[in-house]
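Across the two complexes that follow, subunit A remains constant while its partner is subunit B and subsequently subunit C.
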Partner chain A sequence: MEILNDYGIVLALLGAVLVALVPGIASAKGVSMGGIAGAGVITENPSLFGKILILQLLPGTQGIYGLLIAFITLSQIGVLGGSGDISFIKGFLYLAACMPMIIVGYTSCIRQTKASLASMNVVAKRPDQFGKAMIFPAMVETYAILALLISLLAVNGVGGLNI
Partner chain B sequence: MKKLISSASSKNEMTDKQYLYAVSRIRFKEMALLGRADIEQLMNCKTEKDCLRYLSDKGWGREGQDESSEQLLTAEREKTWELMDELIDDMSVFHTFLYGNDYHNLKAAIKQAYKGIEDFNLYISNCTIEPKLIDQVVKEQDFSVLPEHMRKAAEEAYQIQLHTGDSQLCDIIIDKAALDAIYSKGKSSKNELLAQYVEIKVAVADINIAIRSVKTGKDEEFLKRALAECESLDIQKLIDSAKEGIESIYEYLSTTEYSDAVPALRKSSQAFECWCDNRIIEYIKPQKYNPFTLSPLVAYYLARENEIKTVRIILSGMRNDISDTVIRERLREMYV
Partner chain C sequence: MALLQMQRIYIYALKKDRKQILELLQRRGVVEIETMLKEDSIFRKTDVTKERQDLEKNIETVNNALNILNSYSKEESSLLSVLYGRKELPLKVYESFHEEYETIIEKAKRIIKLERIIAENKAEVLKLQTQIEILKPWLQLDIPLDFKGTKYTTGFIGTLPRARSLEEIYEQLALYMPLNVDIISSTKEQTCIFVLCTNNNRDKVYETLRGMDFSLPSISIDNSPAEHMKLLESSVEVAKAKENNAIEEIESYLKDREKLLFLTDYETMRIEKYDAMGKILQSRNTFILTGFTPKKDSESLKNELTSKFDLAVDITETKKKDDVPILYKNNGFSEPLEGTVSSYSPPGKGEMDPTMVMSLFYYALFGLMLSDAGYGFILALGCAIGLIKFSKTMERPIKNTLKMFLYCGIATMFWGILFGSYFGDIFDVVGKTFFGATNIPVIPPLWFFPVEKPMLMLAFSMAIGVIHLLTGLAMNGYQMAKRKDFKGIIYDVVFWYILLISCVILLLSMDMVKNILNINVTIPANIIKICSWLALISAAGIILTNGRESKNPFKRVLKGLYALYGISGYLSDVLSYSRLLALGLATGVIGSVINQMAAMVAGLPLGGVVFTIIVILGHSLNIAINFLGAYVHTNRLQYVEFFGKFYEGGGKLFKPFRVNTKYYKIKESTNYGDIE
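After this line comes the complex of A and B, so read on.
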């Protein structure tokens, strides 16, 4: 068990890396797709830039949430200060704590991108309906926020455990 | 010489893509499509000139040019292709709509070679193979440079025209090859809408051929040569029912997905044509809400074609003093 304890930090770091990587990749893809579709709208009506930009950026938030969880995890496991003495169980718990943001961050981002693109099509045809169109992708954000909350509480909670 | 042939065999990589930029732009373009209210406005115009003025105000035709009806419609078709060319990297996905023109040009080239005349006005310019190349191929009888789907039919049709002078048989061979090429291109496009479009296009052509063959007393052999295979119709059953008469064809169609076409077929060929166009519009309407894939682009193209056809009906109706009721009977459903 003592040998395994040497790898606790590895598991915790793996969680931090994945939570920064996975939602980050999804956000990059989502914002890129939004940019492509947005360019099409702007080609025809440049005055819609502001509205389109908001819709393009919506899938970008998951990457930020992932970064936040990664940052807190790194702070707690001793990579960015604090104690570096992480047992195997604790390392595993950090990894598990990152999981909601990794999985929900990725899936919600992909789905939010689709909703954003559909809303861009609405704005292209009916710019006056921007408010309503923005609500649809924004609703997907709820689940990313819930995952962020759980991961945040879990990472903080694991830090307080004496195992 | 082969360079003149568009890359018909190039991979359909674009069909797997999302066409995000293109679909966004198409959403804007859709707003400029003529709706039911515009068609009513056109119908309320007193003369063809008034119609042209209304269309010009809607942005139809080339700017600053005083165009005739035909020039205006040609300009609109050109604009659609220019837009598609701008939006789609690999235009081979749209070859489904151009194969018909290629085969028309082949027919024109064979007829010209047979009669020893040369008239480039008979060729349609919007195609996948340069008309010049087709003309050259027929003159030199070197059919190997043609795409595979056209090669065999071109050679056979040429030989029949040259040795028997049977223009009808020559046309049948080319028309069937065209339908086969359109069908296989649409089905292999991996795009559901294109696959649906070719299905209805070929089935409608088969129904038309079967009905015309009954009316003109053609035999089974003719039908076997003329009818193209498709999934929604059993060609053998269609041939069998055609042998028994027109009512038998209606009976057979009543058992297929084209059962609601029977009343239109009983009415007139124009009513059937109208039914076909309306059915295509019904198929494509859900694409107005689809933000991805090639389908909204295909739908826009078909909507534009439908729009141009409807405007042509109104303009020619006005020009020839056809009654309002008759014109209205032929008007198509609009996409928007």
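After this line comes the complex of A and C, so read on.
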């Protein structure tokens, strides 16, 4: 067990890295797909740029949320200055705390991209319906926000545990 | 919190005044024309499709001409041009415009024609230049290219592939002497030759040459190449001159761009006038115009019309069956959000305008999600500068957007100060890195740091959510009261209010919830008891009444049970407000990350400069991302959670018959009208 305790920081860092990595990948993919579809809309009607941009950026938030959790984890485990003395259990808990954001961040982003592309379709045909079209992808975002919330509270909470 | 009251208006007038009356109505823009009377044998609608098509064709012509002009000299336009709005034009210019009308249409047509001339001449020059290229190798030849021979000789003019020397060719043709071979020009690809032989050897020489892949020149001319070259070159000059003349002429029309722009506006107005004409009923000498007009303008309109023309105006209240158009009336604080309500759906029949109530929550929720005093300040300052600088010229929709974000920015500052967030924690970081400050935080929050007490912030977010939802429910009650559906108020609103509030109190009395939210409230035991009973009674009430549209008692209870299950919807609605915490924290934490990254390099040489650059770039990015998030999710909370409780929409906006122009507006002083 004593030896294992040396690896606590490894697990914690793994969590922090994955939570920046996985939703980041999804967001990059989502925003790129949005950009490709958006470019098509803009060739037809350049005045829709602002609206299309909002729809394109919606799947970009998961990457930011991931970054947020990663940063909080990094500062909690002392990688950004401070002592890196994390027990094995604690390291594992950090990894677990990052999981909601890692998994939900990735999947919700991909799903949200699809909704976002469909909404671009709506805006291309009926620009006046932007208000409604924007809500559909925003509904998917809810679950990324819920995951962010739990990861945030969990990472914060694990820091306070005395194990 | 209101909609303007509409009235029906009937105008009975003489046909000879038709044009003037319609133009006046159009400029006042306070009447939405709607056919309310049926056609009969005397009063009929006229078909205006043809006139409309002609005008549309004119607009297309002018737009094409404008595009051509733009390709010669770009119209200056910038990002800010949207703030300048349409130019104002005095009424006189509009009224005298028909004198110039024909000449301007002609000019547009001429521009299109010139463009075609330019294209044709460009093609011509290209064609001539290809011919010149083909002719170039033959320039040394001083006889016509189509020379076939004299009485006793035969000439062959043509090319052989790749470079050949004179000897090589003579070698091949040695058998058929006497003959003469001239190499006119020779390149790597081809050798141009002139062969002259006697007539009796003609066929054999030709055979041999063919064996060497001899081919005739690709052009045939009856004069010498040098002469022909001169002709071609002069034709090129002519074509180029024509092109340049056309370009010059087009450039001379650049000064008419304004008039062309106005012409598209003019034709748009005429199209709308014809549309209106298609909706009115006409007899041989009279016509009847019917429609809706806001009550506040109806008297002034009636007075103006009766003073200027011989006609009769009837104004009556709207009827129940009328699909009355919606015109908002809100104060400056709520007005900017009318567009947000409309983009969900304008209020339907019998519904109230939710803008006023929504605006309070809208600004507050937006502020909570962005929640940084610095960002709020930038947002508010930017909008305020725009509003002041362009207050005269700006169009209404842009003005409203800026106003909306101005209020959002002020709300953001408010929450930012409460939660102690100024560009993340810029004061702390700058103080620590550059001035060695020790009393961190430099500016303590007025209330608390959400990062330090996230559970308290979560509880606060949900409390806001509960208030928002209960307000929505109260709005539902208000609408029922207006419909005099008092039973509905008790069944659908009061029961739910009792149930929800007692459930909240019961939840707060549970140790588990208290621990999670980290709050300490003690609720007396008898209140808990009362609440339990109230919750049970109201739940029973909901089960018994919420399915009241079904006659079958069994079905009714089932429907009631299902309605009670809706309480899970309230749970998820309230949880949805946790995004206030999540997005608020995201802004603050990312802001601090940027500051920390900047602080890391502050020790290096030129640290202060790099620090500033990182801070400016980082925070701009953070503002952009979180601004987007706050905007989208504020709309979501309003549309899904809040409107879901009481608002359906489905109305149609008041679309008056008016001047819908793109570039110019007509300036005219009136004491009414001006509806945007």
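As a convention for this text, the second predicted complex is superposed on the first by the 161 of 163 C-alpha atoms of A that agree within 3 Å, B and C clash if a C-alpha of one lies under 4 Å from a C-alpha of the other, contacts with A are read in each partner's own complex, and residues count from 1 in each chain.
Just so we're on the same page, a contact is a pair of C-beta atoms (placed from the backbone, for glycine too) under 8 Å apart; a residue touches a chain by one contact, two chains touch by 3 or more.
Quick caveat, the model's predicted, so the values are computed rather than measured.
*Asks:* Consider subunit A as the common anchor and indicate whether subunit B and subunit C clash or fit when overlaid.
*Replies:* With subunit A as the common anchor, subunit B and subunit C both fit in the superposed model.
*Asks:* Looking at A:N45 after the superposition, I want to know if it touches subunit B, subunit C, both of them or none. Which is it: first, second, both, neither?
*Replies:* A:N45: touches subunit B, not subunit C.
*Asks:* Which of the two partners, first being subunit B and second being subunit C, lies in contact with A:I72: first, second, both, or neither?
*Replies:* In the superposition, A:I72 touches subunit C alone.
*Asks:* Quick one: classify A:M33 as touching subunit B (first), subunit C (second), both or neither.
*Replies:* first
*Asks:* When the two structures are overlaid on chain A, which partner does A:I54 contact: first (subunit B), second (subunit C), both, or neither?
*Replies:* Touch partner of A:I54: subunit C, not subunit B.
*Asks:* Between subunit B and subunit C, report the minimum C-alpha distance in the superposition, expressed in whole angstrom.
*Replies:* 8
*Asks:* Write out the stretch or stretches of subunit B touching subunit A in their complex.
*Replies:* Per the stated touch rule, the residues are 18, 20-25, 27-31, 289, 291-292.
*Asks:* If we count contacts the way the header does, which residues on subunit A are in touch with subunit C in the complex?
*Replies:* 54, 57-58, 60-61, 64-65, 67-68, 71-72, 80, 128-132, 134-135, 138-139, 141-142, 145-146, 148-149, 152-153, 156
*Asks:* Given the complex with subunit B, which residues does subunit A contribute to the contact?
*Replies:* Residues of subunit A touching subunit B: 33, 36-41, 43-45, 114, 117-118, 120-121, 124-125.
*Asks:* In the complex formed with subunit A, which residues of subunit C make contact?
*Replies:* That would be residues 340, 343-344, 454-455, 458, 575-576, 578-579, 581-583, 585-586, 589-590, 593, 596, 625, 628-629, 631-633, 635-636, 639-640 of subunit C.
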